[in-house]
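Before any comments, here is the structure.
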Amino acid sequence: MSDVSDWWQTSIIDMEPGRIALRGKPIQDLIGHISFAQMIWFLVRGDKPTQAQAHLFEAALVAAVDHGPQAPSIATARMAVTCGLPLNNAMASAVNMLGDVHGGAGEQAVTLYHFVETRSGDLGNALDEWISTQGKILPGFGHRFHTPTDPRAPRLMALVQDAVDDGACDGRFMKIATDIEAELMRRKGKPVPMNIDGATAVIYAELGFAPPLARGLFCLSRSVGILAHAWEQSQQGGRNKGPTPPSYRWTYTGARNE
Amino acid sequence: MSDVSDWWQTSIIDMEPGRIALRGKPIQDLIGHISFAQMIWFLVRGDKPTQAQAHLFEAALVAAVDHGPQAPSIATARMAVTCGLPLNNAMASAVNMLGDVHGGAGEQAVTLYHFVETRSGDLGNALDEWISTQGKILPGFGHRFHTPTDPRAPRLMALVQDAVDDGACDGRFMKIATDIEAELMRRKGKPVPMNIDGATAVIYAELGFAPPLARGLFCLSRSVGILAHAWEQSQQGGRNKGPTPPSYRWTYTGARNE
Amino acid sequence: MSDVSDWWQTSIIDMEPGRIALRGKPIQDLIGHISFAQMIWFLVRGDKPTQAQAHLFEAALVAAVDHGPQAPSIATARMAVTCGLPLNNAMASAVNMLGDVHGGAGEQAVTLYHFVETRSGDLGNALDEWISTQGKILPGFGHRFHTPTDPRAPRLMALVQDAVDDGACDGRFMKIATDIEAELMRRKGKPVPMNIDGATAVIYAELGFAPPLARGLFCLSRSVGILAHAWEQSQQGGRNKGPTPPSYRWTYTGARNE
Amino acid sequence: MSDVSDWWQTSIIDMEPGRIALRGKPIQDLIGHISFAQMIWFLVRGDKPTQAQAHLFEAALVAAVDHGPQAPSIATARMAVTCGLPLNNAMASAVNMLGDVHGGAGEQAVTLYHFVETRSGDLGNALDEWISTQGKILPGFGHRFHTPTDPRAPRLMALVQDAVDDGACDGRFMKIATDIEAELMRRKGKPVPMNIDGATAVIYAELGFAPPLARGLFCLSRSVGILAHAWEQSQQGGRNKGPTPPSYRWTYTGARNE
């Protein structure tokens, strides 16, 4: 019969009164010695990144912090503080939004890259197969706003190339992603550019993070913008702010049988 | 009459198709050039930290990442993934927990330090006054587990001292916090040590962050442990895990009038 | 030393394999025999309402279910499903919004009524004292949209009057609320009508619910509208919908020092 | 180009100052005239249930309100209030947990019933096909605690039978569910009884609710227990309560390379 102390098991943290060890390291030996980004990598994976890996990893975290009050996550955070929520609750409501379509798409993009890798040499068929089961919207590609190019994607790809040159990764997933981009251009006759989910997914895949972690790391990154906007909104004031001014409502499409 | 485009206002981000600027800087000039911790500071405040400020800031972020499956935030994250939640939703439920008593206490601790500062020279009366309106549990002090000392606090205070020596801050709030610790020792006859909320609050106060940001930054920091534990739990499997094994339940204290 | 089985204690539910009792009653004797509204009352309080109490209680629950996509809670739910969230997560993000300013104000309104009751006979001074410590926006009164009258408030007050006639409550808090309304009219020279938080707070106070339960019950009630809108949005489709169409952004008020 | 007032469209609610109509009915004509359960049905679907339908619907809502502090949703709610969260935030964190494995399984159970229906006459092959793509744990069947029988399931099935007799539904999905139960018994040689998700899913399927609504309605129902437990915990006090007493921790399984 299972014992209570066995119910939760972890290799992340060990403690006794006066002692905390993370992944086997006393916490006081980590504080002041590793960067926040290195700590993220270390706590999630258990190993430490090389300098070049850390640099690339940090670029992905920096790139996705914000996309403005038009993004559902940021809008939610701003509305939340006008409803009287403190920052932890505002951040929670906002991070919750980062599902399959918004931010969480990074997870699907890594999965797509892995899938294409297993069909190497045959991108066209791989995409057809993916689309037949997953639908025609490829995760990580296309943007309704940043056309033709999301400025974050080429910058991130340049840093992946630097990392390849430094031996931090081998560029395999960057090639897959840019091949997909080219194939989409060919099929559609117009650019369907890599978006922020697709570009950071390249980096997370190159660095060996499992697909769900692309979503988790996006959440960490976007939490920064969420915090900044929630805080700014709280300084501006405003009570119970909906999406638009009270004078703008919505279109009613229902019955009028009163 | 207010226009829709005026409804949301921000000085954090500006964009047009193909262009994103954060605090006035093109995002491609930030990616690869500033660390994740620097980006947090920059996006939340709008200025950039000095090297010494960034080092101290990063120490606070690193220190609070985790406190094990016994912490309500971490327990929630682990239970969440066994309920089938993806990482964004697990992280949201967990971050939501960082309220006034758990993690959110950093906000109150900064407020306490500011309050004591306004009563400078008279700590005893300041504490009496605080306690008379806010209750006898001082935010940021005392730990039910780490007695006599939370190992993170002295390490963080040593780094604050380094930062004072480097001119990154003036040590005013460190003095207030250690004075409070000494006064509590005198009053109680036993240590009521600075805890992680109290210690990181010293750093955030020294660096000029407003009280609510101590809570917000704690949320960013603890999100790392939340992600690591949620991910580890998802690798372990487990379905619908409650706080204890199903064979352990709870004490029923109610009516038996069936 | 505390035992694990003592750690959680409840008088709400007792079980063993094959047996579930709520407040001492076997669940199979409740299912099919009490209404959902009666179950809410029974589970939260442990007693059962009279028919007249249940009728009034149900009116409050029915009244607050929805206030349209302009309400932050409803907007959040709708945005959430366009981000790919299933209904449980969409509902959670939305319910989270019901803080001090939005919905949670019912809790403060009950507190206000209790406060005024302790100053009976002197409403003017009671309001002055409340305003001096809590600020000039009285919880439960005023509406930026429904002027001069929120149609839900007079209907609910008529039902409270019916309940007084039926002996289900004594009308004490209805009198306080309508006195406040009259006093505000006198002070401002224009109506500051009781809103939905203020009106449902009258009912919850009349029925003896503690202030925080006014908030909790509002959350149950509004969850209905949240679910309805989340479901309708999922039927409409839409991906990653922000507050306004992508062509409408926001006003940028920050630096342009790029 | 889309206009802002077109961005959100709904047939649920219409308003102008002083007027609110839900599904075309003035709200003051609904308040006091329909039950809370009827309002749930009306707002979500737009039609009104017959008396017999409402009775069966209400039974499903009543049945799922609580499963004790051992359920992750309830445990989360109780921990949340000890972290200082008000009821709206505690409820949100808890409802968020009702994912694919916990509560959300009702959605999958309805889907399973619909799937089996399309393979009518061939249950064995239908289950084999389902299991080959969805895995061997059938949603809605099996309980680690209530063996051999969850007391809620037979009571709910008896009410479905009553409803069939009253012409409120045709019993088709009840037959499918009990056939699945029998087939599982045959295959496993021991009972794999219908659980609360499976039993309420029968009702929601019989009443014509789409699969995701089984999840959404479960969330409404369980929100009641969540509220009751959160409130009870707040009355008990307790600060920062983790899953087990602080003296019980967890098993550390990681490196000790300090």
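As written, the chains take the letters A, B, C and D, and residue 1 is the first residue of each chain.
We take it that contacts are C-beta pairs under 8 Å (C-beta built on N, C-alpha and C of every residue); 3 or more make two chains touch, one makes a residue touch a chain.
Being a predicted model, the structure only gives us computed values, none of them experimental.
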- Message: Applying the touch definition from the top, give me the chains sitting in contact with each of subunit A and subunit B.
- Response: C, D
- Query: Is the contact between copies subunit C and subunit D built from the same residues on both sides or from different ones, judged by whether over half of the numbers are shared?
  - Reply: same
- Looking at CA centres, what chain is most distant from subunit D? B
- Find the geometric centre of each of subunit A and subunit D from their Cα atoms only, then give the gap between the two centres in Å, rounded to an integer. 30
- Message: Averaging over Cα atoms per chain, report the distance between subunit C and subunit D in Å.
- Response: 22
- Query: From the C-alpha centre of subunit A to that of subunit C, how far is it in Å?
  - Reply: 35
- Item | Multi-chain contact residues (two or more partners), subunit D | 4, 7-13, 15, 26, 68-69, 75, 85, 89, 92-93, 96-100, 103-104, 145, 241, 243-244, 248-250
- Touching subunit C in the complex, subunit A uses residues 4, 68-73, 75-76, 79-80, 82-85, 89, 92-93, 96-104, 137, 144-145, 239-244, 246, 248-250
- Note on the structure: Contacts from subunit B onto subunit C in the complex sit at residues 4-15, 21, 23-26, 29, 46, 85, 89, 92-93, 96, 243-244, 248-258
- Message: For a test of understanding, state which residues of subunit B touch subunit A in their complex under the given definition.
- Response: 1-4, 7-13, 15, 17-20, 22, 26-28, 30-32, 34-37, 39-40, 43-44, 55, 58-59, 61-63, 65-69, 75, 78, 86-89, 91-93, 95-100, 103-104, 107, 145-152, 154-156, 159, 212-213, 215-217, 219-221, 223-225, 227-232, 234, 236, 241, 244-245, 247-248
